[in-house]
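The structures come next, written out as structure tokens.
Consider the two complexes below, in which chain A is the common component and chain B and chain C are the respective partners.
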Partner chain A sequence: MSPVNHKQAEAIFVAKRQYDVLSASHENSEEQAAVVFNDLMQLASGRLPGSHRNILHKINQSLDLRRQYMNLVKQFSYEYSSAQAAASSLDTLEGRETDKFALSFSRDPVAHSQIYVVLTIHFPNSQHCTDGVLVNVDGQQGIQQIRFGPLIDNKTQLLFEQSDSALQALIDPQASIVIMN
Partner chain B sequence: MVSTVGYGVSETLLSMFDGLRQTTISTSEPQREIKRKFLCADIDRLAQYICCRNYGFLCRELCFLCWAIVRACSDKQFNAPLFTYFWLTDVATAAGLRRAFANPWQGDQDQVYLQEGALHIQVGQTSFVISSSRAGVLAGLMEFIASVDNTQVQHITDTVSKGGSGDIDILSKALQKCLYDFLKHHLPEANEQSRYRYVTDWLNRNEQAPEDINDDDILLFWQQANDDPAPAKPSHVRFETAVDDVLNTLQALALLRIQKASQRAFSQGLDDDLGEVDLSRVMAEPEGSQGEDSLGEFVHGALFTHIPAPAQPNLLTLTPKCLTKSQAKRMQPIVKHTVHLGRFCQSLLRLQVFGQWQAVLSQAKRKSAASLKEKMASPPDNGYDGYQQEMIACADSLAFSRQCLLYALLPHEPERVLGELIGTLPPLDENAQQKLALQVKGTNTPQQKKTLVETLARDWPALQDALNKLASAYKANNKEGFKTLPNAYVTDAYLEALSEVSKLQGIVQNHLKALKSLGEITPQDSKFHADVSIFTARFNQLYGEIHVASES
Partner chain C sequence: MATHVFIATTQGLVAVNNLYTLPGAVANSTVTAKGFSQPLPIANNYHNFVKLGSGIIEEDFGEGKFRIDLSDEITQGLSWQLGFYLAHAARHCGILGNGQPQPGDHIICATGAINTAQRRVVEVDHVPVKIEWAREQLTLWQSMCSVLFLLPQANAEEITEVEGVTFQLVEAPEEVALFLPDHAAIRPLHKSTLLPAESPEQVPAPSSRSISYWIAALVACAGIAIISGVAWQWPGSGNPAQAQSDTQHQGVVSSSADHSTPVPNASPDPALTLALETQHGETCGAAKMSKAPVSEQDNVFNEVAVNKNLCRIAVLPSEAVTALLFIGLGEQRVVLRQLPMNKPFIPLPQGKGTKRYYLAALADELNEKTLNQLKGYLFEQASPTTLTRGEVEQKLVQLMPRFSLYQHTLSGE
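After this line comes the complex of A and B, so read on.
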């Protein structure tokens, strides 16, 4: 038996060995599992919470996944607002406005450390009014997902502690804000 | 640099398959439940296509499916039918595919329609049929391609939107190339080929025919491979690697022989000397005429087609949890070498007992010389009998899990569960059988089925007993997936687990039978003590004090 004639047996050997590894090695640990395209889609469409299987955390750890995710988010967005030139700070609490939505902030008159974020959608779709509005924010601290409640009179609001990273991201003029469809 | 630690499979590819297996989707309104997207069996099937490098036809099938989706599945919300089909609906099942294509579509010369559970696609002059049972593996392939290179999704959309069958062919080639380029780095063959060659060279040198190899030869191979000073030889330090290499080589040679023999039988009618196919003559046939594609098809056919799908113990560590991780790991070697359970029982036994000890030693060596010395002084204490007890415990776990699975499935799949149970009960007399058949005949609705189970149990005490046993087993089970009864939406996972449990029960039983008859031939005690001295000597040489000293 000379090895040169063994192409087929060799191929069977290799395929069996590699299949054994591929089918047996999975430790079903969340840490080691790669983020697949499905995870990006489900997350972008608001069907999975970002904490599920640490997906959002994994996306934020990889520049490539972050870029892919933002591309998807834009593709399925209602409105995309890129980084702003205007400076803003926690003192002035400058809002953000496009043709399709407006974001404004107001400090609670009593509890000064709490800030209301009011989101107005000018031409909402039916989901916005029944399920709420999903907002993706791509800021300096990575991507965050924020879910607002259903719109009433085209408006919905959330209350944040000033130190909340989600609030920081919404206020940050450098952040891109995507309102999902 | 791509790292391929495990037998020529890259870390990236491994974690992608982990990701595929864990992929979850959330259902549309109103349930909003999160469940696993793919059946484990479908991901395994995808792995088979990929490992055999037989994904040409699969890519073509996917292209036709996409062509049909873009036309026949409308998507008013996003106007992106491919995205919606593959990622926003529960489509990785046959039922999902049938739902998506419920409405037929008709173009000028083209059409898409469902008939008898298969999707018929007519693109100009070309017709193509996709069985709905392919839904899972095709969705898996799409997921895999999109995760390898997500720009492909847009490329596929653009091409199939405009294209006829010619474009489909070009697209299918492009997808194949995309996979090929990825696998070139993440699933390289060269190292593994050298392992095969090393074993066949060894067989040649010792003038051994593959049919004559026995357990002691495998031990000898491991010893000699470790004494072999050749610098470029593949490593066989682990006993497990040596066993894997020899058994896989023998299996490959045997499969090749069977394939060739059956091809010959096909081409020449019934061949008189079918039973005496000369291996060397068969092997020497020129193979240059075969392209890469048909080689992949050949390999896939030899390893996976027409035989039951390989068992997957790891699946049973997910929800519903039937085995502990360590039990699943313990079963891995016997699952891997199912075809050799009888002939190489002794080698598998050695592998299970001394392979585990070796793993402990190599861990200890990394820690400290003292720890190594301590571990070296304590060989596996319970010997071969201890292992047999361990396997019996595994068999018990499987039997227990089976009862719990049946109980969980009873409300959703009463026929299936009754079928399983009735087979185990003492047979009924003829009258009772007829009565039973009549009762079963009239039941169609879920409510009727539920009542049927109740009536049957009332009239048939043995069945009632069996049902009671299931219930008390379930009650005693506190593992993941058995705390509250599952709803109809997740029964797939229970059905899949049940079929996996059945497969493993068969394998474990065969293994135990082989162990028992092995024990009858030679007393396991003396065999074990002889093996201890062989393995201790070799392990001392591989890990022992001299070795530690020279390395530090």
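After this line comes the complex of A and C, so read on.
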């Protein structure tokens, strides 16, 4: 074997070993895998449909990660609505409105335990109309990521059970809500 | 007695368990299953099906956002549209059931997509499979309920017989209202008149529910030309025997007025003739239907008995007829529609009782203004059932130069 071929073979061997180690650790201990910056980026842009809950869980366990993620999210946001001063309750279901979006709630007239969340985007971009709207909510229970469907007439809606944690986060006046671009 | 609506799917029958209006703040109409909050994949399609502009539900039944809750999931396709339209019609009439039939209830299964722009029920796939999946359940129900199965006309050849189940073909969404079993349910849709498709729906009858269920329609497909007109009347509670002998006055307050009213220039035009043809068969979808003309005298067709072997009554206009006009006289409103001339026929209702309708054959196509004038005139009638044939003729004379008005009565067995 020539020196050149030998080096090639060694490089392939090393690469394969590294790949095995990386993939094995990912498969075996995803729970323990570190969250890297790229994970935050992917999560913020809504490109981790499979494992976003896992990563969100880790982010919520670390104050630093949570702060980093929210900073990142704000960089890519369409609109940011900070915690509200006014109190609200499940009975009144007060919405939230800014110059760029409005969030309103409406209880189902028959299934009273179900609540419609209607998100209105006043100046939507094309992604909002085709791919839907990604919303990050930073509330008392940590960060939640909620994906609404594509806008129809600048509006999109989701229907939640009242006990759903995502609904609780959206209703929470002390939660920060970030509508992603 | 409630009317339960089922959607025939390739996975079996799916019931409409509930259909109701959502609060104004809700953005979109939605579809759910089993009461859960997760919208089905067809929810957005349903919203567009409802929305004024792209859909027909708001147009026909009034604006609003709706939620339909199904007994099971429907994840794709458009064949739910006919059933959903039917559910809206039943709800509009206050007779929509919860999908759990009780003895004596009415069951209507449907499959069919709707071209909302043309207002036509269009062909769907897998009809034999849907019928086969529904067969067992339908067989169980037919012993305790009346069971009707609505399909697009274009799927007629795919019908496979199920014992005790009546199959009906529809070409326009409005026709579904005609198959609603309770005559009290046959009330005006939100938008009544002048739909460019066919078939009228009908008017109820009297106070007695036992007479019940008269539905009627006139259907026509698009073709070379044009428009059409018809006139219906539901005498409802009238004695069938009497109706046969005096069909012209049934359901009309002043029967004598029909002929006593002077009608200038209203004499029938010999060139404008209509013939009716009954089509019988054990299986209405089969090509083996036998045909028989309905005899006529003085523009009054002989009464036809509606039984399970009568599939339809076709209208056969002469060459000079370029338009048909439909005018339905009911307790609550007058139905007016112009029908395409391709293949007009009368979908037959279920139930007992008698009904009367008019068919007007026109020499010229009506413009929209004229139609609106006629529509306005009929709309202003405080008691449509009191509108006599003479009065209708008199109004037609004012609006159009040449026409022939025919009358026909059907009796249920």
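Here, the second predicted complex is superposed on the first by the 149 of 181 C-alpha atoms of A that agree within 3 Å, B and C clash if a C-alpha of one lies under 4 Å from a C-alpha of the other, contacts with A are read in each partner's own complex, and residues count from 1 in each chain.
We adopt the following convention: a residue touches a chain if its C-beta (ideal position, glycine included) is under 8 Å from a C-beta of that chain, and two chains touch if they have at least 3 such contacts.
Small disclaimer: the values here were computed from a predicted structure and weren't measured.
Engineer: Comparing chain B against chain C, which has contacts with more of the residues in chain A?
Structural biologist: Touched residues of chain A are more numerous for B.
Engineer: Between chain B and chain C, whom does A:F13 touch in the aligned arrangement: first, second, both, or neither?
Structural biologist: A:F13 contacts chain B only, not chain C.
Engineer: Examine A:R53 and indicate which partner it touches, taking first as chain B and second as chain C; both and neither are also allowed.
Structural biologist: The first partner, chain B, only.
Engineer: Examine A:R147 and indicate which partner it touches, taking first as chain B and second as chain C; both and neither are also allowed.
Structural biologist: Neither partner.
Engineer: Considering only the touch criterion stated at the top, classify A:R66 as touching first (chain B), second (chain C), both, or neither.
Structural biologist: In the superposition, A:R66 contacts neither chain B nor chain C.
Engineer: On chain A, which stretch or stretches are contacted by chain B in one complex as well as by chain C in the other?
Structural biologist: Chain A residues touching both partners: none found.
Engineer: Which residues of chain A touch chain B in the complex?
Structural biologist: It is residues 1, 3, 5-30, 32-39, 41-42, 45, 47-48, 52-53, 68, 75-76, 181 of chain A that touch chain B.
Engineer: Sort out for me which residues of chain B touch chain A in the complex.
Structural biologist: Counting only chain B, the residues touching chain A are 6-9, 12-26, 32, 34, 37, 44, 47-48, 50-53, 77-78, 80, 83, 86-88, 143-144, 146-147, 150, 153, 187, 189, 192-193, 195-197, 200-201, 203-204, 244, 248-249, 251-253, 255-256, 279-280, 283-285, 287, 295-296, 298-300, 302-303, 310, 312, 314, 317-318, 325, 332, 335-336.
Engineer: Please name which positions on chain A make contact with chain C in the complex.
Structural biologist: Answer in residue numbers: 104-111, 114, 116, 118, 120, 149-150, 152-153, 155-157, 159-161, 164.
Engineer: Which of the residues in chain C come into contact with chain A in the complex?
Structural biologist: Where chain C meets chain A, its residues are 18, 20-23, 25-28, 30, 32, 35, 37-39, 44, 47-48, 67, 69.
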